[in-house]
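Take a look at this one; I'll ask things after.
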Amino acid sequence: MDKLEMHHTLMAAKARKGLSWEDLGRATGHSPVWVASACYGMNSAPPEAARKLTEALGLDDDVIAALMAFPTKQWDGAIPQDPLIYRLYEIVGVYGPTLKDVIQEKFGDGIMSAIDFAMDVECEENPHGDRVVVTMSGKFLPYKSW
Amino acid sequence: MDKLEMHHTLMAAKARKGLSWEDLGRATGHSPVWVASACYGMNSAPPEAARKLTEALGLDDDVIAALMAFPTKQWDGAIPQDPLIYRLYEIVGVYGPTLKDVIQEKFGDGIMSAIDFAMDVECEENPHGDRVVVTMSGKFLPYKSW
Amino acid sequence: MDKLEMHHTLMAAKARKGLSWEDLGRATGHSPVWVASACYGMNSAPPEAARKLTEALGLDDDVIAALMAFPTKQWDGAIPQDPLIYRLYEIVGVYGPTLKDVIQEKFGDGIMSAIDFAMDVECEENPHGDRVVVTMSGKFLPYKSW
Amino acid sequence: MDKLEMHHTLMAAKARKGLSWEDLGRATGHSPVWVASACYGMNSAPPEAARKLTEALGLDDDVIAALMAFPTKQWDGAIPQDPLIYRLYEIVGVYGPTLKDVIQEKFGDGIMSAIDFAMDVECEENPHGDRVVVTMSGKFLPYKSW
Amino acid sequence: MDKLEMHHTLMAAKARKGLSWEDLGRATGHSPVWVASACYGMNSAPPEAARKLTEALGLDDDVIAALMAFPTKQWDGAIPQDPLIYRLYEIVGVYGPTLKDVIQEKFGDGIMSAIDFAMDVECEENPHGDRVVVTMSGKFLPYKSW
Amino acid sequence: MDKLEMHHTLMAAKARKGLSWEDLGRATGHSPVWVASACYGMNSAPPEAARKLTEALGLDDDVIAALMAFPTKQWDGAIPQDPLIYRLYEIVGVYGPTLKDVIQEKFGDGIMSAIDFAMDVECEENPHGDRVVVTMSGKFLPYKSW
Amino acid sequence: MDKLEMHHTLMAAKARKGLSWEDLGRATGHSPVWVASACYGMNSAPPEAARKLTEALGLDDDVIAALMAFPTKQWDGAIPQDPLIYRLYEIVGVYGPTLKDVIQEKFGDGIMSAIDFAMDVECEENPHGDRVVVTMSGKFLPYKSW
Amino acid sequence: MDKLEMHHTLMAAKARKGLSWEDLGRATGHSPVWVASACYGMNSAPPEAARKLTEALGLDDDVIAALMAFPTKQWDGAIPQDPLIYRLYEIVGVYGPTLKDVIQEKFGDGIMSAIDFAMDVECEENPHGDRVVVTMSGKFLPYKSW
Amino acid sequence: MDKLEMHHTLMAAKARKGLSWEDLGRATGHSPVWVASACYGMNSAPPEAARKLTEALGLDDDVIAALMAFPTKQWDGAIPQDPLIYRLYEIVGVYGPTLKDVIQEKFGDGIMSAIDFAMDVECEENPHGDRVVVTMSGKFLPYKSW
Amino acid sequence: MDKLEMHHTLMAAKARKGLSWEDLGRATGHSPVWVASACYGMNSAPPEAARKLTEALGLDDDVIAALMAFPTKQWDGAIPQDPLIYRLYEIVGVYGPTLKDVIQEKFGDGIMSAIDFAMDVECEENPHGDRVVVTMSGKFLPYKSW
């Protein structure tokens, strides 16, 4: 079972069980965003998480193995098209050099890791319309001379 | 004075005065990230903010007008190359469909606005290495039928 | 049933029943353009609209579920090739900066939303040749400072 | 004087005189959108319009000649980046096949001309936020067999 | 039956019957180039032409319907690779601005329509090697102000 | 004097003298299209033609040398944007495989040369609107086995 | 049988029979490179060559027809990736303007035909390592004025 | 003096002296193609060759240093546009896999070097039109296991 | 059996047998990296290595033939997306001109061969986190004049 | 002084002084590759290294500031063209998935950092031709769940 088949199997079971990412987050003891990314085949799950996830969804050991496999991370097209994802891309384009300057002024020359990294999504209620709050946390990695 | 000349003028004055984005944030009553994005020519500044910013930096009225002008937002290349900015692009590629699913499960069919939008950067101290924490907050815009 | 299969099912039923988009607009109480976009898999239908549409076309509940699913919006190629669609792309290229200037002079710094958005098509009779009249209406979203 | 220099000259004069596109539309007897597109160098102006426009802006005959010259229409990049213009591109991507189907069902096999074409922008006041209304009108051109 | 299957069906019948495009042109009362383009799925055929064509090729009503369907015109790759087609692309690249200048000097600001358009191919015998003569005829469409 | 400078010099002189491509064609004994292409720097002129052309335009020997130089043929962008030139590109996309089939059925396996090639533009008066008639004539080059 | 199936059939038969391109060149009276290109579906074979080739490989008449069919020449990607083919592309990139200058100085303004063209590959023994010798011969086609 | 300035200096001197690449080949004891490639800035010249070349052209020591500098080899665009160079690109596209097969059948798994490489151009007189003969010779480099 | 099927067969057997690339390196007397590249279909294996590898994995002669076949080396996309592979691409982008300068200063004008080439990966233990050590060794190929 | 001007200043001083990267490595106590990358503007130098480097090259304080500035890392084109750099790109293409598999089998799911990274180049003498040995050492960064 490859990651694509795994993804379809997991999504179908999730819909059948009527479980949300929040539910699966609670069932595995992980963040809903991370659980979703593992189910989308973009992160490998530790054995314990894979086991709990398949239990919650009533799936078998094939899926555990597929969840634990190390993924090859790939996406379609240099520029995303779906409006929700494009807006994130636009934010990187518009604010990229700004973020580089603000981060490097605060931390020195280096980057925010996308590997030692976590991300969450919250809903902030607001009378003018609820807001999506995305929080990213990545380890600062300083450039080194040698 | 166009946005590019304005940017160079502001960066030179900021370096000369030894002020940080935090300082300029305090001076204008805005977030350091927003102030930086206005100085990078990616957002237009309201008159009050433009005035306070140029005062703090000892610059004249030309710069106020340039800060208030409505920008054309553009960036170089579909795929950014600087490692700090590329990592953000990579996060959009790797986690884009995950975020779409998590957000739309929570909010319904729609997007996070990149226009009615705010972003901040914090440093989280950590014994294993400090972490960059980026928080984005965008209004949820539901798709409408008509 | 995914959006692609749904699309083919709906188009076949529409041809079989000999119904026009106008007819389906009346049957659902929505604009013909919006109904078509939902049938092309580019918008999710509210339950009521999905039910009325499948009733009008004599289709079953699978199609209702597919119509209600939140779509991933994607299209082929950066530059469209079919002459009808290319002409729209050309209009964006030729008149994009003009529209930006005219809209922002009238409304201030911001954009026309493509999410809180509606569009219609009318035929304007004209002795020199009928004219296609496309009307777009999108909420103005002002940029905010923070 | 080429179209680029003409554009900068016109924009500077317009700012100096404090005239809006509406004002220039009235001064020339043309639509504000068309006047703007001619000033952006994307349409050639008939002699009368060129004369009235330069009169209104206090400019000389060089500008008249430049306004009357036939332009080469070009734009930067296959995919626009400024959010206002990108949203229009996104609309073409998302609704292109829908529009093709709705138009061709109404008119037969053919296209909406982008040459025999007019466009206007109106502000529609709305308690939930004002709306930008863009109206395009293009002659329907049927495909012919031969 | 979609346009692709129609194309294969028509080409197979044409080969089986040993008919040339000239023959099919005569059989339908249309130009051989236009008939070929309809068989390649790039133009919709009027009912009479579709009927005569299928009669000449001994095909049934499915093919008539497919010939009459309005096509979506698409091609592979921005730059064609087959040498015969590339040479045409090269001619557009090399002579495009020349043609623009010559046509607009003769006709005024406007374009040659690719919709109200016809094209033919003739063989011109020549002792130094026969020549391919391609004739294009497109309605001149003047730009309009509004 | 390189081809670009030569082009600007020639266009300025042509405007100053008020001569058309037809006039320059007559003055040189060549087709107006070919003369234009030589003035656009896309063909090298034989000495006689270069001499007559500069005489007609009142230019000096530098221009003769530049007209005779062998050009490097280049154009902007894989896909042209100006509507007049794009329509030609669209014709190649839409009718490319059709032309290949019609030409190769008539002539055998081979191509129409874009080097041993001539092209002309005529105006065909027509009550429904004048038509642009473009005629291309290229030597047929058969593929050879070896 | 299309060119792709023909290619696989021919390659399998060649491997089964243990014949080299040299052998097939001798069997058909053509150059090994040309025979290979016909088997790769990039050239159409004259009837005699097609017959001799299928005889040598013990294949039937389907393959003869496929070998004789006029090919559509296409390749994957603008820039080849396999190292052997990339090196040829690199040679075109590095030496392209050099070859243009040397050829045009020798022959006048024109090109080397890729249609009336032949190519061979020889092995030149050399104590420092054998050398691949590729010889291309193409008819010179002079540009013509008209 | 960088390679670009060197190139223009050398071309101007070559034109002034009326020398051909053949002449410069004889003057330096190298192949005309190699001399041209060094003058185009695509190869570094050994001291002796650089000295003889500048002597023949009456240039000074700056040019010697520039000729000896190690070049960065770069070219414009993935796909060349000038017809002479495009035909070479087309040959690589059409015959690339054929050449790979013929070379590797003869030599084993490996490539023809584009570094340990030489190339010459000859004119072959022919009553049907002279032919350009390009000969490439590159060391065969076998792949190695390790 | 083509290289893709061979790859899947080899990977499945390797997983079934629980062997590492180190094990397969020992079993064949080759480097683990080279063995992996042969199993990924990017290098052809000499007969002895192919035999030992299939023996170790309990596979049959089909796989031997496939391992020995000369590969066509191809990869997906100009810019890799998986983070591990992208980092290598980034290193080439960031350090490419640096490496060119350092290598050519040391060795003269030339390149490091990617054909006569070997590469290994070691783990270097380190209290601040283990390090991946990649060593590449390629024959220096000097450019030659001719 | 920006990084580009700094680069030219440093390269000119290095040539004037006749110093090699080895010399500058010794002068600063850093690796020659790292020193070169700092001089190419791709890494920021710590104050001590910047001071020693400018001392060795006889340059002033402007250069120290430029060396210490945090760079924006960018390179030309997705695919490098200079043969030396392209070979490195080709190695990433050909061996990328192989390296991913070998590294992740040895270290677990994660990547080799390109930030906490060092690289060196050595010459290995070899009777069959000297070899370039490039050694990369990057910290292994494991993916984390959250």
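By letter and in written order, the chains are A, B, C, D, E, F, G, H, I and J; residue numbering begins at 1 in each of them.
As a convention for this text, a residue touches a chain if its C-beta (ideal position, glycine included) is under 8 Å from a C-beta of that chain, and two chains touch if they have at least 3 such contacts.
Since we're looking at a predicted model, the values are computed, not measured.
Listed by label, the chains touching chain D and chain J alike are A, B. Greatest centre-to-centre distance from chain E is found for J, with centres as Cα means.
Which listed pair repeats A-J comes down to matching contact pairs by residue number; over half match for D-E among B-I, A-C or D-E. Rounded to a whole number, the gap between the C-alpha centres of chain D and chain I is 56 angstrom.
Averaged C-alpha coordinates put the centre of chain A at 42 Å from the centre of chain D. With each centre defined as the average position of its C-alpha atoms, the distance from chain D to chain G rounds to 51 Å.
Separating the CA-averaged centres of chain F and chain H is a span of 31 Å. For chain E, the set of residues that touch two or more other chains comprises 72-73, 75, 78-79, 81-83, 90, 93-94, 97, 100, 104, 110-111, 113-117, 141.
Working note: touching chain pairs come out as A-B, A-C, A-D, A-I, A-J, B-C, B-D, B-I, B-J, C-D, C-E, C-F, D-E, D-F, E-F, E-G, E-H, F-G, F-H, G-H, G-I, G-J, H-I, H-J, I-J.
Contacts from chain D toward chain F in the complex involve residues 72-75, 78, 114-115. Of all residues in chain D, those touching chain A in their complex are 79, 81, 83, 86, 90, 93-94. Of all the residues in chain C, the ones that touch chain B in their complex are 30-31, 34, 38, 43-46, 49, 70-72, 97, 100, 104, 108-111, 113, 115-118, 141-146. Contact residues on chain A toward chain B in their complex (touch as defined above): 20-21, 32-33, 36-37, 40, 42, 73, 75, 78-80, 82-85, 87-107, 110-114, 116-117, 119, 121, 123-124, 126, 128-141. Within the complex formed with chain I, the residues of chain G that make contact are 76, 79, 81-83.
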